[in-house]
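Going in written order, the chains are labelled A, B, C and D, and every chain counts its residues from 1.
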Amino acid sequence: MGNSIGLMFGLPGQGMHLHLDALSLLFVCILLPQTVAAALAGMRGSFTFWLFVLGMALALLAGDAFTLIFGFELMSAASWLLVMQGDARPATLYAGVAIFSGACLIPALFLPVSSLAFVLIALGAGAKAGLAPLHSWLPRAHPAPPAGVSALMSGGMVKVALYVLIRYAFVNLAPAAQPWWGVALVAAGALSVLIGALRAVLEVELKTVLACSTVEHVGLITVGLGLALYAKATGDAALSGLALQAALLCAVAHGLFKPLLFIGAGEVKHATGTTSLNWLGGLMRGMPRLGALMLLGAACMAALPLGPGFAPAFLLFHAAIGAAATGGILARIGFSGLLAVLGIGGALALAAAVRLIGLGFLGRPRSLHAAAAEDLRRGPYLAMALLGVLCTPVALVPGLILELLNPVIMLLAPQADAPPLSYAPLTLLLLAGLAALAAGFVQTRWGTRGLREVAAWNGGFGRPPAWLPFGDPHTQASATGFAEPVMRLLGKGLLGTTLADPAERFLLLPLFRLQTRLIRLAERVRRATIRERLAFVFAVLVAFLLALGLGQGG
Amino acid sequence: MLGFAFAFIATVLHIVLCFVGAPLVTGIINKLRAWALGRRGPPLLQPYLHLARLLRKITLVPDTATDLFTFWPLGAFLALAVATMLIPGFTTGMLTADAGDYVTIIGLFALARSATMLGGLETGFGFGGAGAAREALFGIFAEGALLVLLLAFALLAQTTSVDGIATAFRTAHIGISVSLGFALAAMLAVALTETGRIPTDNPSGHLELGMVHEAMVLEYSGRLLALLDYGGMLRLLAWMNLIGTIFLPFGMAQATEIFSWPGGLALWAGKLLVMAVALSIFEVSRAKMRVFRVPEFLGAALLLGMLAGVFLFVAARIGA
Amino acid sequence: MNFAALAIALPFLAASLLGLAGTPRQGAVANAAACAVLLVLTLAVFWGHGAGLVAADPLGALFGVLTGFIGFTASLVNIGYVSADAARMPTQRWRLYHALFQIVLGASLLGLYADNIGLLWAAMEGGTIAMTLGVSLYRTKRGLEAAWKYFILGGVGIGLALFGTMLVYLAAQPALGAGFAAMSFAALSAHAAQMDGALLTLAFLFILFGYGTKAALVPLHGWLPDAYAEGPAPLTTALSGPLINVALLAILRFRHLLEANPVAMRPGPFLLSLGLASLFLAAFSFSRRRDARRFFGFSSIEQSGISAFAFGIGGPAAIFGGLLHMVLHTLLKSGLFLALIRAASLRGPASPGNYTFSHLRGLLRANKYVAWLLAGCIFALTGLPPSGLFVSEFIIISQTIQRNPYMSLPLGLGLLLCAVAILRNIGPLLFAPAAHEKPKPAGRGMWLVAAHLVLVFLLAFATPGPLVHLLSRAAEALQ
Amino acid sequence: MSLTFSLAHLMGGIILLCAFLQLSQRRLAAMVTLYQLEALVLAAAAFWQGYAQHEINLYLTGLITFALKAMLLPWGLREIVQRFNMVRAVETALPMAAAMILGLALIGIAVLVVLPVTMHAISLTREDLAIALSVVLLGLLLMIVRRNALAQIIGFLSMENGLVLAAIGMPGMPFVAEFSVALLVLLAFLVVGVFLLRIREHFDTLDISGLEDIERRGR
């Protein structure tokens, strides 16, 4: 499957080259449904949106460095414009990170095969994918544009960045591969999992929660990739196969459910005018279809069994255990720490998903807008339904999907040999069906049918007054309140009392201060009088002359 | 063919015994606890009566709840039921052994937990929300600890399926090692939290502010509450089975060898009884913790789990 | 036929006529007509490049066409500008203005076509003086200040360039002897190897400082932002691009002499340091600019720095990239200023002081075509695709990595900072909530801006074969 | 050749001395006088070189220099000094002694740079070039250390003198260069005259600190 096409358009005298192989095909397949969904969700009239899609497609199909960077940067630029139309504040940060990743990638593509090239690729692709510690732009930028674009940014764009990482780390730079590459990726991925999941529990805005969850999933994928890279370098066939399966399957699943959730969040915004969980609640009553689809998406996000998110997590845990079984004492400690992080991250994701559904869609409305919400419009409904239907095979027959992924894995790690999947959702479904049958039998044989609607008991508190149709919103747990225990025990420790992302505190803020200082310096230079300007010229001239004189004298 | 038939029968036997016996285990524990406190205690079969009474009652639905109100108990029950079916009890080599991966079981417990949490949030009143938030917090540490523990088991047994671990621990000469001791302590801490026992939660407490599990099911009644309560009983049994299988695998039957069953069954009953006694003594001798102490408790479990993995490595090195 | 000489003569002739007679509006129309003829003539230069003192090589001819094109579009937009602004200055001064317009064009063309380092220098001097007068044309306090700066800094630069020119001549003595031959680029390039290397290095230093002043390389840039901001917009902004090109091409050509000489020092480090200094100073100067024209003045400094950097990297591909970058940037920047003039005139007279960002913000409400075109031009400056500059910057960066990998780090960082600083301004410019205002018509000149943008795109991504051929031949000859 | 050499050298030395002494002057009138002396010697040098090289061009250069630089410009400058009443001392930005030490250092640099690189050139050019470069650099320095616009112009003109000195030393350099120099000076004078008048109109002083308006309000 190595098809190349040359285009007469592009670099002067050389044009562009497109190339399709199993890996690009996989990512194109990941991209396709969400593009259709985003178009259905209301973006099809936007020129910039199609430019964005074009950029991603070009980056995925690139056959040469120019096309890759062109597509990559086109994607960044178009999405920047879309972000800016939504919210100008994060747009600049976003642009900075996007160009930073371009600036890291271009050198990496031209450097000889070496560890330096890998580091640059990891920095560039990692920054674009939202890999910690370069992730802090993502929860700001992804929620800003319209839902369809957010969906594509979270579901597609980060995948394109990961595609670049995979393409170079596993294929193009393979001859120079070192075990520590994998370890570095695992470390970054684990950090992303932890921070992404933790912030997903703490954030209040629905779309920000989803964006944080994207950081977490990018972390999961990267952990898988890192383990595979490590195993490939140390020659562990089973582990590399297992880890690659985990990473790729996670990418597939995430590419389906994250757009679904984002489009849903857009509909929430459309129907209620807000995405703050503190103002939502009880949406399941007014928006049952949306609620059901969002429930599906949230189940995936939390990696619960029988959802599409579980198989990748399952594989990833196994890969991490496999990795811990190899190597020395440091690897053992490190990988058992990784397992702990993955476990904690998984549980945090679960908490985030429960919070999203429980506070947004269940319970009582927290505002009149939430109470009066109307259900999905046709286009988004179709879009979400499409993605939901596509989730089913991933959820129920992951083995089949893994078979399909085999050519990609062979391309990335030719010696990989993964053990068969020991997670059988169909068996679980069968057992659950049996249990349900039994329960139904007991119920019909001995139970009483029927339901009666009454006022909630609520521990014996009285009914709310008549002017509060849904009761006092303050008497139910708020999003902030729900997160409070987690915040108290983990948030303060990891994020500090201000809850600022550590990446912002330790990375962005110092950089920003440095920039301000340099700007002041530049302003001082600019304010120079004519005399001072002449003096600059003079000084530099004399310096050059001296350099010349000394250089020629010596 | 015959082996398959035996395995099938063993599986069915295991499932039936578990489903029928789960309330009995709860009843025994309640009785033992009462005895330990010097009371007479409820009759052993009281949990059955409790469930039957609930089944016959009309089920009330709060007017603030959504249509999914009835779905959550069912979801929690089904997840726990499947988990119970997957964890071996008296025998290894059941038909469900292949699907019974440790990670799957952790996932199923998480599924049950999330369904319960959503049920707690359903009506939109303070207690449910508080309970769910606490449950989420406990889950975070519990799941990390469980996964780290799995590492220790997987390294010893070279497999991650519970059945495989049990077989390996029973047949291979593992001996009593420091790491397994650590692992047991960690596992017990997680099990106590997961099943909602003292010191992290009080199964019989009814002070709303201190409740975790009970707070979430506050609005449920009738057959929905029966499902939830029955699910809780199943969970307790499932955890006892899990601990018994991994740490006390001696004497477990082989599904394909019918003559080993009686011994296995008897030993199983014995193990459950021992665990019940231990649990009730532990429960009456400890006070309930403050909510925010629990994560420390579980964090210690997590570290113990990691230590188990590390010590395993050291031991292997020394042994080699 | 020597179209080159004709193309140089025409603007000077037109200048003398425009300087003497006509109302402002008539002057503007006549100016446009002269520019149209000039465009045709510059095209014709490819078929009649002349000989002797004025002999255009293909590269000069190419940039000549560019100059003609920009002059033409600027003169068209100028008609509207003059009609709206006629009352601000007496007729006399408008005549001077149009004369200066033509002189700047003529000087640029002379600098491009002259095959003589002395004539090149004279052209730069003429351009400097015309621009100085142009900047002070409005006779405002700030205009005078800017013009004074221009005069002092430009004058010093011109002086240094003359010194360098003389040294080049002296260095060529061993190879070419006295007389005109030692001042012809063609002859100098051919005999660069036999020239006095040490002297040539010294000469290049002065040339670099002299023409670097015109190219606005840091630390010689001091005149540019103010000159951009305070003069009449069509003259001092749109037409400054060609003059900068002349200076950069001159630097490139002298650089080649050094490269071809075995004894001379390599010019790379000098060019690289000035280029990077430009890039970084611009990057940090962007963020506090309130006046859009000053802002884009710094952008010109940045782009000039990029080209100088490319020349400093050396090698045919990098020089190809640098040349392409110059072509594209000149087109883009002049288009940008045309759009900017129109944007400012949507909110009142397009005179200096009415170009602050706070004055222009929320442009989308005034006219969406103008707003989007302006935003498109600004965006294109960053070098992100689909802007054409992406191609040239890509070439430059990739060449940097291959030839001097460590330099790619500061280059990448500088480009990043500049791009971010430029992008920051687009949001408020387009979307900021402005006071309620009626949408106004876009004006006639907007298709010209669109044409500039499309040209930039097409020339970069679907570069015509002959252009590629021409540029790569020139780059190989000047590597 | 010996006489050619020593006379040219002497005249170059005088020009350099004038340029250097300008640094030490506080009063504009004295600076103008020194400038005039400098231009006179330059014209003489041009004639002498023309005679020595048998170049008709150089006589023309000398003539232009004499007429414009030695006569017309100083006269104009004195007029300006009179009209604006600037006979008193102008402000310096650097202490006099420091400026002069800097000037000495510059001459040193010029010699250091020029002498090694002109090994192969004829010795006349070689000396001339070092002096010319020194004059150029001193002119620049003068522009930097004086706060007055007129003083800056004198520095600028002094710099041009250095250029012309270099130009006349070039053997057989075509006419173009000299012509341009003359043109520059002429135009410069026009422009400067216009400017000074206008600056006067607006700022009431020729102290260019008034010309630093844009910078103060960070635009």
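Note that in this section contacts are C-beta pairs under 8 Å (C-beta built on N, C-alpha and C of every residue); 3 or more make two chains touch, one makes a residue touch a chain.
Note that the structure is a prediction, hence the values are computed from the model and not measured.
Contacts with subunit A and subunit C are shared by D.
Ranked by distance of CA centroids from subunit C, the top chain is B. Interface comparison, C-D versus A-D: the higher count of C-beta contacts falls to C-D. The innermost chain, defined by the distance from its C-alpha mean to the mean of all protein C-alpha atoms, is A.
With centres defined as mean CA coordinates, subunit B is found 34 Å away from subunit A.
In terms of their C-alpha centroids, the spacing between subunit A and subunit D amounts to 67 Å.
Taking each chain's centre as the mean of its C-alpha atoms, subunit B lies 97 Å from subunit D.
Subunit A has residues 523, 526, 528, 530, 534, 537, 541, 545, 548, 552 in contact with two or more other chains. Contacts with at least two other chains are made by no residue of subunit B.
Subunit D has residues 113, 116-117, 140, 143, 152, 208, 211-212, 218 in contact with two or more other chains.
By the definition of touch given earlier, these chain pairs are in contact: A-B, A-C, A-D, C-D. Contact residues of subunit A toward subunit B in the complex are 201, 281-282, 284-285, 288, 291, 295, 302-306, 310, 313-314, 317-318, 321, 324-325, 329, 332-333, 335-337, 339-344, 346-348, 350-351, 353-355, 357-359, 361-364, 422-424, 427-428, 431-432, 435-436, 438-439, 442-443, 446-448, 450-459, 461, 470-471, 475-477, 481-486, 488-490. By the touch rule above, subunit D contacts subunit C in their complex via residues 113-114, 116-121, 125, 129, 132-133, 136, 140, 143, 149, 152, 156, 159-160, 162-163, 166-167, 170-174, 176-177, 180-181, 183-184, 187-188, 191-192, 195, 198-199, 202-203, 208, 211-214, 218-219. By the touch rule above, subunit C contacts subunit D in their complex via residues 116, 118-119, 121-122, 125, 129, 132-133, 136, 139, 141-142, 144-149, 151-152, 155-156, 158-160, 162-163, 165-167, 169-170, 173-174, 177-180, 183, 196, 198-199, 201-202, 226, 229, 288-291, 294. By the touch rule above, subunit D contacts subunit A in their complex via residues 93, 106, 109-110, 112-113, 116-117, 137, 140-141, 143-144, 147, 152, 208-209, 211-212, 215-216, 218.
Across the interface of their complex, subunit C is touched by residues 8-13, 51, 55, 65-66, 69-70, 73-74, 76-77, 80-81, 84-85, 88, 91-92, 95-96, 99-100, 103-104, 106-107, 109-111, 515, 518-519, 521-523, 525-526, 528, 530, 533-534, 536-537, 539-541, 544-545, 548, 551-552 of subunit A.
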